[in-house]
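Scroll down for the structure; my scribbles are underneath it.
By written order: A, B, C, D, E, F, G, H, I and J. Residues from 1 in each chain.
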Amino acid sequence: MTETLLAAKASSGLTFAQLASHLGLDEMCVAAMLYGQASASPQEAAKLCDLLGLGKDAVAFLTRYPIKGCLDPVVPTDPLIYRFYEIMQVYGLPMKDVIQEKFGDGIMSAIDFTLHVDKVEDPKGDRVKVVFCGKFLPYKKW
Amino acid sequence: MTETLLAAKASSGLTFAQLASHLGLDEMCVAAMLYGQASASPQEAAKLCDLLGLGKDAVAFLTRYPIKGCLDPVVPTDPLIYRFYEIMQVYGLPMKDVIQEKFGDGIMSAIDFTLHVDKVEDPKGDRVKVVFCGKFLPYKKW
Amino acid sequence: MTETLLAAKASSGLTFAQLASHLGLDEMCVAAMLYGQASASPQEAAKLCDLLGLGKDAVAFLTRYPIKGCLDPVVPTDPLIYRFYEIMQVYGLPMKDVIQEKFGDGIMSAIDFTLHVDKVEDPKGDRVKVVFCGKFLPYKKW
Amino acid sequence: MTETLLAAKASSGLTFAQLASHLGLDEMCVAAMLYGQASASPQEAAKLCDLLGLGKDAVAFLTRYPIKGCLDPVVPTDPLIYRFYEIMQVYGLPMKDVIQEKFGDGIMSAIDFTLHVDKVEDPKGDRVKVVFCGKFLPYKKW
Amino acid sequence: MTETLLAAKASSGLTFAQLASHLGLDEMCVAAMLYGQASASPQEAAKLCDLLGLGKDAVAFLTRYPIKGCLDPVVPTDPLIYRFYEIMQVYGLPMKDVIQEKFGDGIMSAIDFTLHVDKVEDPKGDRVKVVFCGKFLPYKKW
Amino acid sequence: MTETLLAAKASSGLTFAQLASHLGLDEMCVAAMLYGQASASPQEAAKLCDLLGLGKDAVAFLTRYPIKGCLDPVVPTDPLIYRFYEIMQVYGLPMKDVIQEKFGDGIMSAIDFTLHVDKVEDPKGDRVKVVFCGKFLPYKKW
Amino acid sequence: MTETLLAAKASSGLTFAQLASHLGLDEMCVAAMLYGQASASPQEAAKLCDLLGLGKDAVAFLTRYPIKGCLDPVVPTDPLIYRFYEIMQVYGLPMKDVIQEKFGDGIMSAIDFTLHVDKVEDPKGDRVKVVFCGKFLPYKKW
Amino acid sequence: MTETLLAAKASSGLTFAQLASHLGLDEMCVAAMLYGQASASPQEAAKLCDLLGLGKDAVAFLTRYPIKGCLDPVVPTDPLIYRFYEIMQVYGLPMKDVIQEKFGDGIMSAIDFTLHVDKVEDPKGDRVKVVFCGKFLPYKKW
Amino acid sequence: MTETLLAAKASSGLTFAQLASHLGLDEMCVAAMLYGQASASPQEAAKLCDLLGLGKDAVAFLTRYPIKGCLDPVVPTDPLIYRFYEIMQVYGLPMKDVIQEKFGDGIMSAIDFTLHVDKVEDPKGDRVKVVFCGKFLPYKKW
Amino acid sequence: MTETLLAAKASSGLTFAQLASHLGLDEMCVAAMLYGQASASPQEAAKLCDLLGLGKDAVAFLTRYPIKGCLDPVVPTDPLIYRFYEIMQVYGLPMKDVIQEKFGDGIMSAIDFTLHVDKVEDPKGDRVKVVFCGKFLPYKKW
């Protein structure tokens, strides 16, 4: 179904950013819905399918609660995605220390969480800026 | 040696941010040096070891070109670090599409790259903000 | 250090429940501290080390923010722990559906979370009752 | 066949709890049957298929003795299910000690076993309560 | 400690069968104790250490509740042990069917369980006879 | 083809034991043939297909020399089969020692080998008895 | 689609080098396009499909941004490809040292990168010459 | 011993290229000897140890036939080395086709093989050039 | 296609040895061709397909340069093939030493290589004799 | 202990073949004993230790029944040993068919088994000949 949705998006000529502005959401959030990694509300699904010229099956797919985690191999092989895995290999423990120095023992939520992608123009070569922002969850004692 | 450096930091009472301001670097970059994941220049190493009360061995450790990648298990088990792995499982392919829609076929460099951690105060619970910013590298044809 | 703490507990003759009642915490929470999987406050660490006849090193160990996840093999081999892994293999997807039917798309937090163990006496053989209770975190849209 | 059963349940509009009350069983137990992880008696299967408007094939599927364990990857990637795996990584050994302190050397059965899911309303955010209850099996000597 | 116990057994010249007859147990059960896979009662441990000329440390080792599962690699490499793994690869599913045809849906307990090894003399070559005997545990419904 | 054979057996209403008595073989051996883990002679295959109402294709399947080993995941997830894997994790090295104490350096053959399943009635709960019996093969020197 | 493209190439009788000279590209670059590991521009895709007698579907396949990494098993089994993996096992760390001695701390880009294959005739047996050439990327400090 | 050799090289201030010119070998070949991945002749070992101020133990280490393959994890984590693994993931099958189109069915030897590293100066950023050159070995028929 | 070729061989009643004698090759070499692990010349393929009553598709399959390595799981499960893996586990390092004592540092080629299978009749039980014969390739220095 | 034995052999200047001729065994068999993969009789161990100038500890090591399988990684990385693994990847299934065509359903024993290494002189390059010879074990029916 993801293939159908992506093909419909390709023939519509709409970007993720354009789809997102119709729904009042971020482009990353819409992309996650098309990949079956996030669920849409019935209204969001209806609007999306309208824009993409798709029917009831697509609405049903977009509104269910998906089994998440779409990368088969444990270590991803696609170079773009692997770089993020490598960043954790290299900077994971230092980042853990910096976060805990600022916040105490706990984690950044991956659920109460947003993710933005921006393009930073630069004469030496444009830069990709990716911003993760999640609620800090302190470990509970009991 | 990382243990020695972290113990010296702990007894000095200095934060990563304080160490970093003495070197004119970001706290993440200094944390990566202490974890043996980034190399310092001889001057940076000397200044750091001065601040931490450490000698020549520590300077040599900080200036070598390290073998990077410090997480033994392929899938990390520490909950704080795992959340970043999970984000790639869930949002990896959607993010790849959004980046490529903005930039074309290529990747975000993990080498010509910076990483910042900020605390966003929020009455409903503070938030962790992590900003990745790397040069876009387009695939070359030949 | 975990070995030292467990040996000190063994020679003190105190149970986890007895240690916990001195600290006003649950026995599971105290057991997690001794195993280096949860951090104690300075006062809790001092009281614990007092009860177990241990010194400053133990206090430092108990108050640091640990790297969590203590089971080396990906699939645990100890039969007691494996049973919990098997329960997820068998009941994981059904439980996901039941939780989502009650709560919507999201997860049970493993951080804002408590875990109790009780003994249920039964003439046909006593039963182990394990109660997991974590905050429900709905997926955020943005 | 699981897909057929879940689709029939979706179009019937019945919840697991409603199906379960017709059979005198717990909702988790019925969900496990639909996922092919538990076997129904012929009467239970007949009643279920009646409620869902399904025929003989579905009855045969529900009454066979299944090969259990439905999660392909060794470490699950779905965030809801992963949290339970993480709880065992973090609290597995402490819990083993607490159980053995209460019961002696042995395990909690995953076969003579029940599993309940409850919603605990809480103004700071509702909580998911999951109760595992299994017979204690002491190791036999011979 | 297992090495110490096995070395003591080797210099004592006693077989597992001889040790076992002093304790009123099976030789397999005693061998499992020496390998730290089963726990002895204080009296059993005292008697064993007496026979092997060992002291308090050995008694403590023999009476604790061990973390079980002693084979590091997931697929064992030792040829004697591998053959049992291979038997499950080849006969595992057929045996599951035969057991379920006789008993219904459930398992053979590996906890309420005994294991005997016998030598069957045969002019064409002696045979190893291994008898597994465990309580049948039917799946509970709830 | 295994599915066809098992379906034919199910509709015939014959047990493995009944099929086996027609062929003068053990039920485990017949089950292994149906699962494609053992090869039948042409006469045995013909008789079996006769009893199950199947034709030439089934005879060809039953008489070929199969690629053996039918469990995909390295560590089996089905609880019934996993228990046998766990027994080797816990009792593998002790059993190796007991066998070698009785027989010398060598292995139990998994080829010149039989496997029986029996039901032992017991008022406290019936027991599954599984008997492995294989030729002892001593290591050759040369 | 890769199979269709390779079959069309086979029946056209054209080599990779001949295809490449029509496009003004290297043969390796064209081979990567046919394998779905590199993207073509619309003009390149049109010319290629013209030469191979293929239509719009093939053009669409050649111009998309592919998920890269085509070898399923983590360690490749094909002997030709394995040899390159082995070279990294044997010469990886020495090569890292030599590169860093020449360039400082950083990596060779696999994105801003070319790869050539040449045949070196030699009376003792021809030799395969493979030249990797990628931009050096120094680690950034911040 | 590799650590001793690399430390001696570091304090000697000699580069791999300088060491290599004294032995009439390539710098990569000398680096492989220091990493225990290639064996030196007794004369080469003597000359190297002379230059580095080391004794008999180092000579013995350099002349033995080593167990090769020094990277523990199956997929390397160091970013410099990983890039070569990624190149095979992306270009492995296309390269196999190009080599076989030029040479027929066979492989490039990783034994009768040389490896050179060069620095290519470039105003847009220097480039790393790595040249692999191995004998082509055609598959034998018999 | 391998299945088609093996089925055609089965209905032809010809053994690998008979096929091989028509082609002037060894039976192992012909078996490898049918399994798609070795390539035939156009004449060999034509003759084989003639003998097996197959057409152009089979000729094309037999003459292509295959991706080699046909065993999916890393550790093979079929008992016949596993024994060869076990032999390397047990005798691999000793054999490496014996080969290097006779030949120096290098390997036996698996490409310039032949493999024969013979039956050695023996009153105590026939024996399988497998002969590997490959060119010795010494490591090159440069 | 293996290191001690190999060092003693190195300083004695004796080859495996010379050691073996003193014991009336094959050199491979003696090499396996030194690597702790085969057990020696007390007389063989005494003679070996005499020749190598070693004492009681070495005799005890050589006569125990070892845990076999000495290669840590599942897929071996040493190039000499890997080639044998690759041969099974490429020729494993064809060889299985050829052996079964000659012998029926069964395996070659890896226990009642010998292994010889010979040097075949050849003007085009010497060849390594490795002969495996094991008893054929037919599958038993019961």
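Basically, a contact is a pair of C-beta atoms (placed from the backbone, for glycine too) under 8 Å apart; a residue touches a chain by one contact, two chains touch by 3 or more.
Just so it is clear, the structure is predicted and the values come from calculations on it, not from any experiment.
Q: Weigh H-I against F-I on C-beta contact pairs and write down the one with more.
A: More contacting C-beta pairs are found at H-I.
Q: Thinking of A-C, which of H-J, H-I or A-H forms a repeat of its interface, with over half the contact pairs identical?
A: Match found for A-C within H-J, H-I or A-H: H-I.
Q: Just the number, please: Cα centre separation of chain D and chain G in whole Å.
A: 49
Q: Between chain D and chain E, what is the separation of their C-alpha centroids in Å?
A: Whole-Å distance between the two chain centres: 31.
Q: Between chain G and chain H, what is the gap in Å from one C-alpha centre to the other?
A: The separation of the two C-alpha centroids amounts to 22 Å.
Q: What whole-number Å value describes the gap between the mean CA coordinates of chain C and chain I?
A: Chain centroid spacing, chain C to chain I, equals 54 Å.
Q: What parts of chain F, by residue number, touch at least two of the other chains?
A: Correct list: 28, 38, 67-69, 71, 74-79, 86, 89-90, 93, 96, 100, 106-107, 109-111, 113, 115, 137.
Q: Hey, which residues of chain F end up touching chain D in the complex?
A: Those residues of chain F that touch chain D are 73, 75-79.
Q: Which residues, counting only chain H, touch chain J once they are in their complex?
A: That would be residues 67-69, 71, 74, 110-111 of chain H.
Q: Using the touch rule from the top, collect the residues of chain E that touch chain I in their complex.
A: Listed in rising order, the residues of chain E that touch chain I are 75, 77, 79, 82, 86, 89-90.
Q: Taking the touch rule as given, give the residues of chain C at its contact with chain A in the complex, in rising order.
A: 25-26, 28-29, 38-39, 65, 67, 93, 96, 100, 104-107, 109, 111-115, 137-142
Q: Which part of chain I faces chain J closely enough to touch in the complex?
A: 6, 15-17, 27-28, 31-32, 34-35, 37-38, 68-71, 74-76, 78-81, 83-103, 106-110, 113, 115, 117, 119-120, 122, 124-137
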